[in-house]
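What follows is chain A paired twice: with chain B in the first complex and chain C in the second.
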Partner chain A sequence: MNTSVLTPFLIVSGAGVLALLLGVLPARRAARMLPTATGIVALVAAIIMSRVQWGGPDETALASNYLSDRFTLLLDSILAVIGIAVLLLAWRESSSADKRGEYAGLILLSVAGMMLVAAAGTTIVLFLGIELFSVSLYILCALETWRSRSLEAGLKYLIVGAVGSGILVYGLALLYGATGTTVLSEMQHALIDGDMLRDPLPIAALTMIVVGLGFKASAVPFHMWTPDVYDGAPTPITAFMATGTKVAAFAAFIRLFSDSLLGMFDDWRLPVAILAAVTVIIGNIAALLQPGMKRMLAYSGVAQAGYLLIGIAAGSVAGVEAVLYYLLAYTAMTMAAFAVVVMREREVLDGDQIGALRGIGRSRPMMGVVLTLAMLSLAGFPPLAGFIGKFMLFGAAVDADLTWLAIVGAVGSMISLGYYLKVVAVAWQSGPPVDDTTYRTPRSVTIVAVVSAAAIVLVALFADPLLTLCSDAAQGLIGTINR
Partner chain B sequence: MSLTTVLILLPLVGAALTLLVPAGNRDGARSIGVLIALVAFGFNIAAFAKFDQSRGALQLGDRASWISDLAVEWNVGLDGISIWMTLLTTGLFLLAFIAIAARMPDSHPRALIALLLLAECGLLGVFAAGDLVLFYIFWEAMLVPFALLIWMWGDRTRGRAAASFVIYTMVGSLLMLVAILSAAFMAKGPNGTLTFAIADLANHEWTQSQSTWLFAAFALAFLIKLPMFPFHGWMAGAYSSAPLVVTALLSAVMSKAGAFGLLHIAVPLFPVGAEQLALPVGSLAVCSIIYGSLMAWRAQTMRMLVAYSSLAHLGFIVLGIMSFTSIGAEGAVLQMFNHGVVTAAAFAIVGIIARAKHGTEEMDQISGLAKGAPWLAGIFLVVTMAALAIPGSNAFAGEFFILIGTFERHPVLAVLACFGTAYAAVYMLRLYQTTMNGPLDGEPKKAELRGLDVLYLAPLVAAMVVVGLWPAAVTRTTKASVECATTAAGSLGLVTAEGQPPRTAPITTELLGCR
Partner chain C sequence: MNALAHAAAVTGVPHSSYIGLSVLLFAIGLFGVARRRNPLLLLLSVELLLNAANVALIGFSRYWNNSDGQIFALVVMVVAAAEVVIGLGLVVAVFRQRRALDVDEMTELRG
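Let's turn to the complex of A and B:
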């Protein structure tokens, strides 16, 4: 056992507590600046630590509750980057001026929870991680207490999230009943040794786990909460939910399905594939009808979860690799889109409507380019990151004899053009300017937007080193994924 | 870096250079456009000079790993078909830049030049790609600039036009993406190595149903891009809404990407499927010929007349490709080049007439221009004769080859297609007579050619005359590559002289020195 492998997680969770404390300092200036600064420093440190540990042997800690393999380290870095971006987006959020400590602290705790999911070696830690980030997010959604929409979002997320967690924990309990162990890496053997592979008990457990994680990943038909919560929550938090929660939910999917439950592949493959297909189609069609940018991005996030599920359904190393790469790409493009929304929201009334983006390409060419890149990449235009990701996902599906699923994915992408291109069109439309030119975009938001947009291009053009990371992470999973 | 790589990347560099020009600086933008297009054309000529006509495989190219994990390669090169297509592209883009430089629009000059250069880059990439993924990337990469060109500089209906253009083509190309993946993974098998290289995939033998489905998915994307009846829904909107130069490029160059894909990818990779679907696709081609001709005959504006005549001519090209005979396919390649040149010239003349008439393109408002503008009328007559494929013109050679090739395989289709040549005379002469002859109207002198008009019309007319008199100039370069592309499909279904049953397995292209 080696507790030093816990450092990324410990740094981030420790910084979360520290930020909460710093937020109540009597000096107003310090209370404003320090929590966020602490958070950024801690997250950078976490990235450095996971980079340092990369390449070393896989380790377990805390009696194999905590796994530190390449999968964990890669996801730790992605999650830390998401945390930094969200802290930067929320940097000058005027509405939360007196809640800096809670804002930064809860974001950090949430990131720590997500890291725990990625590192989970047992079902208990997996569930703990999910609860840690979910509970932090319930509060973050409702943080703008004077705004009823924000409260509504928090409450809705709490209720739906609790239902999801409840189903998930029931499923995990049934799984324990079937296998007699909570350790993920032992489950496969336990199922085979106990001759439980064809037993209804693990199948019931599997169903509940899919439903529970479906709630977290906002897969159809468990997505109903997504648009309302995304719409009501403060926009930086929406960006956080859209990216971080998705990464964590798919980390859980991969740990459970692509690793420890791979022995039951034949049982879960078709249901997950159908879930993916339904999610892609419904998510894309619903997104067509949304007038609000945040709601549109919520449904687009639902559809993207569907694409990611395609990689899970493939049940292969290539599928996991594709999911990891697509999570990276998805994070960059979603973050870029939300950065533009955050900026616009502060400039104009009803800034989260698609109409509010009219002419942004003319008044702020840089933001126009960022938004265009994000939308084109989400729609899967080559040679951007979203294209390479979809290419890998569809390729993994075809390789796993799921060509029909790849076709569904392609049809979904066609539908998605309808709303992604609409945003591009609106952004470059001429017409009366809708913005208040006296407002200056804070530099932190611009940085997030530009860096994300650059990532969309660079991650695609120089995909090779990143794909090596992703495939190392996918192959290093402890279970015998190489069927 | 090989010549081909330089050729593809040059317009991309030019597009980046436009960012250095201060916004609204029209002179800077247009000189970058003309200069880059000129250099690209020069490189293309150099490539042509170094080109070895006896080989059917890609040459003057590069092959390097790009995304090694996915087996995606930077694999580019030119064969006998693509060298002519790139010449058409760089040549017509150069003329387009000259035409634009003469009448630069006021809005966003930088963006206009940059987008045109990006479109040129995409097209050159499509013609030179030796890897299916690379082909797909360039295929999509050319769509965005063309859609934006329509959308930013089009007329009132541009929003709709651009949207339907994007949606139609994306429907085809996303299915093609799935087909690309399916083809590569099927060819890989359980333990093989994954490859997307066209030359490697051509050696794989698919089952009949695999081949048919894959061919259908690829062909759909290509037929939409051409466009071909009944997938031409985007054409009328996009062609009528875009600025005339863009319409000319769409019709003269971009449509060739579709025909090129059919001949260069779909038919050689899936010969069995191509043979299975030869009759349906050929019938659609004949429908296009007849439908396009009838629509051209009834068109209200000069622009739409040329657009629909182009639909008919593209039908001939597809018919030639689907004959799988080397003479038919050679005629198709020849006709691809001819159609590009003739259509570009026709659109250029439409532009000149419309300029004299304050932008109107309605045919019933234009007449009697020949009296004041004899030079224009003279050039127009040459173009008209070429468009209706009068013997001695360049298009005659092409259509004649195509009809010979089609007679060998599908006599009924060939007979029906002949109607198209008759219709062509009807609508082209109608265009010429209504605008040039008839009662004098207004100030016809304004329509006479000016210095710059001659600069971009003269090379087109020269190309028409040269190819008309000496079609072998094109066909001797394309011969080897065309045989590589069609032999496998052509050998199927033909009953040999001794009455042997038709061969079921295609000849691998390796035998012919095509690798």
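Let's turn to the complex of A and C:
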């Protein structure tokens, strides 16, 4: 056992507690700057540590509760980058001025929880990680206590999230009942060797786990909370939920379905495929009808979860590889879109409406380009990152004899052009921009926007090395079973 | 003698009773989540869901004769406590603001 592999997780969770403490310092200036600074330093350190450990052999720590393989390390880096971006987006958020400690501390604890999900070696740690990031997010959503929409979002998220967790943990309990172990790698053997595959117990467990994780990943029909909560929460937190929660939920999906439960592939393949198809269709159609940017991005996030589920349904190394690559691309493009919304929201009243973006491309070409790149990539225009990711996902589905699912995905992408291109058209429309104030955008938001937009291009440009990285991570996972 | 005592301990409560109770609790919890509109009662129903899982975990732990399930149950208890603390805090905050406790009246955000 080697506890040093825990460092990325320990650094981030430790910094989370430290940031909470620094937030109550009597010196106002220190209390405002230090928590965020601590967070950024810690997250950079976590990225460096996971880079350092990358070459090494796979290790387990804490009695096989914590797995440190390439999958963990890759996701740790993605999650840490998301954390930095969110801290920067919230940097000058007026509403967080007197709650900087809570803001930064809870974001860090949430990132730590997501890292724990990625590294989970037992169902106990998987559940603990999911709860750590969920509970932190419930508070973050409701942090603007004077705004009733924020409170409402927090309470709704808490109740729906808790129901999802309750169903998930019952499924995990039944899985323990079926296999007699909570260790994911042993579960695999119990499910393959035993002739209990046709038993009701594993099937019931499987159903509940899919439902529970469906709530977290906001898959249709468990997505109803998504638009409300995304709309009501502070926008930097919405960006965090859209990216971080998605990454963590799919980390849980991959750890369970593409690894431990692979022996039951024939049982879950069709239900997950149907879930993916319904999510793609409903998410894209609902997104067409949304007037607000945040709600539109919420439904677009639902649809994107559907594309990612296609990769899970493929149940192959190629599928997991595609999911990991698409998560990279998805993070970059969603973060870019939300950075523009954050900026616009502070400048004008009702800044989260699509109409508020009118003429932004002409008055501020840089922001216009960022928004255009994000939207085109989300829609899957070649040669951007979103296109390559979708191509890989659909390709994995075709290889796994799920051609119909790939077709559904392609149809969904076509529907999505309707709302993504509308935003692009509005942004480059001529005419006076909506009351352009003299408010200066904080540099941190501009940095996030530009870096995310650059990442959309770079993820596509360096697709080859990145895909090697992703397939390294995927291979370590599924290496134990020869399919 | 020792063996007899052991046998009595093992046959104490039949395994099926654990599962039966846990399924019942889970069903009541789900019903409550679907029917109740008061956030406090919703939180209570969620607690039932989590405790149903706990009963199942303890029962399975006895069936398989290992401690994994008991450790899991302890973790679930801590998580349930944390969730309720935050839930009650939010309910109090909402109540202070609008003096009404009915999720159907929370319509500023429409799904």
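The working rule: the second predicted complex is superposed on the first by the 476 of 483 C-alpha atoms of A that agree within 3 Å, B and C clash if a C-alpha of one lies under 4 Å from a C-alpha of the other, contacts with A are read in each partner's own complex, and residues count from 1 in each chain.
Simple rule for what comes next: contacts are C-beta pairs under 8 Å (C-beta built on N, C-alpha and C of every residue); 3 or more make two chains touch, one makes a residue touch a chain.
On a predicted model such as this, the values are computed, not experimentally measured, just so you know.
Asks: Could you look at A:L376 and tell me whether it touches chain B, chain C, both or neither (first, second, both, neither)?
Replies: first
Asks: Return first, second, both or neither, reflecting whether A:I167 touches chain B, chain C, both chains, or no partner chain.
Replies: Touch status of A:I167: second partner only.
Asks: Pick one for A:A153: touches chain B only (first), chain C only (second), both, or neither.
Replies: second
Asks: Which partner does A:Y138 contact after superposing on A: first (chain B), second (chain C), both, neither?
Replies: The second partner, chain C, only.
Asks: Of the two partner chains, chain B (first) and chain C (second), which one does A:L288 touch, if any: first, second, both, or neither?
Replies: Neither partner.
Asks: For A:W225 in the superposed arrangement: first (chain B), second (chain C), both or neither?
Replies: Once the two structures are laid over each other on A, A:W225 reaches chain C alone.
Asks: Considering only touches as defined above, state whether A:G180 meets chain B (first), chain C (second), both or neither.
Replies: second
Asks: Could you let me know whether more residues of chain A are touched by chain B or by chain C?
Replies: In the superposed model, C touches more residues of chain A.
Asks: Can A:F127 be said to touch chain B (first), chain C (second), both, or neither?
Replies: Only chain C is touched by A:F127; chain B is not.
Asks: Give every residue of chain B touching chain A within the complex, in rising order.
Replies: Chain B residues touching chain A: 66-70, 133, 136-137, 140-141, 144, 151-152, 159, 162-163, 166-167, 170-171, 174-175, 177-178, 181-182, 184-185, 188.
Asks: Report the residues of chain A in contact with chain C in the complex, numbered from low to high.
Replies: The touching residues are 122-124, 127-128, 131, 135, 138-139, 142, 145, 148-149, 151-156, 158-159, 162-163, 165-167, 169-170, 172-174, 176-177, 180-183, 224-225, 227-229, 231-232.
Asks: With touch defined as at the start, can you tell me which chain C residues reach chain A in the complex?
Replies: Chain C reaches chain A through residues 19, 22, 26, 29, 33, 39, 42-43, 46, 49-50, 52-54, 56-57, 59-60, 63-64, 66, 68-69, 71-72, 75-76, 79, 82-83, 86-87, 90-91, 93-94, 97-98, 103, 106, 108-111.
Asks: If you look only at chain A, which of its residues touch chain B in the complex?
Replies: So the residues of chain A touching chain B come out as 321, 376, 380-383, 387-388, 391-392, 394-395, 398-399, 403, 406-407, 410-411, 413-414, 417-418, 421, 425, 428, 463-464, 467-468, 471.
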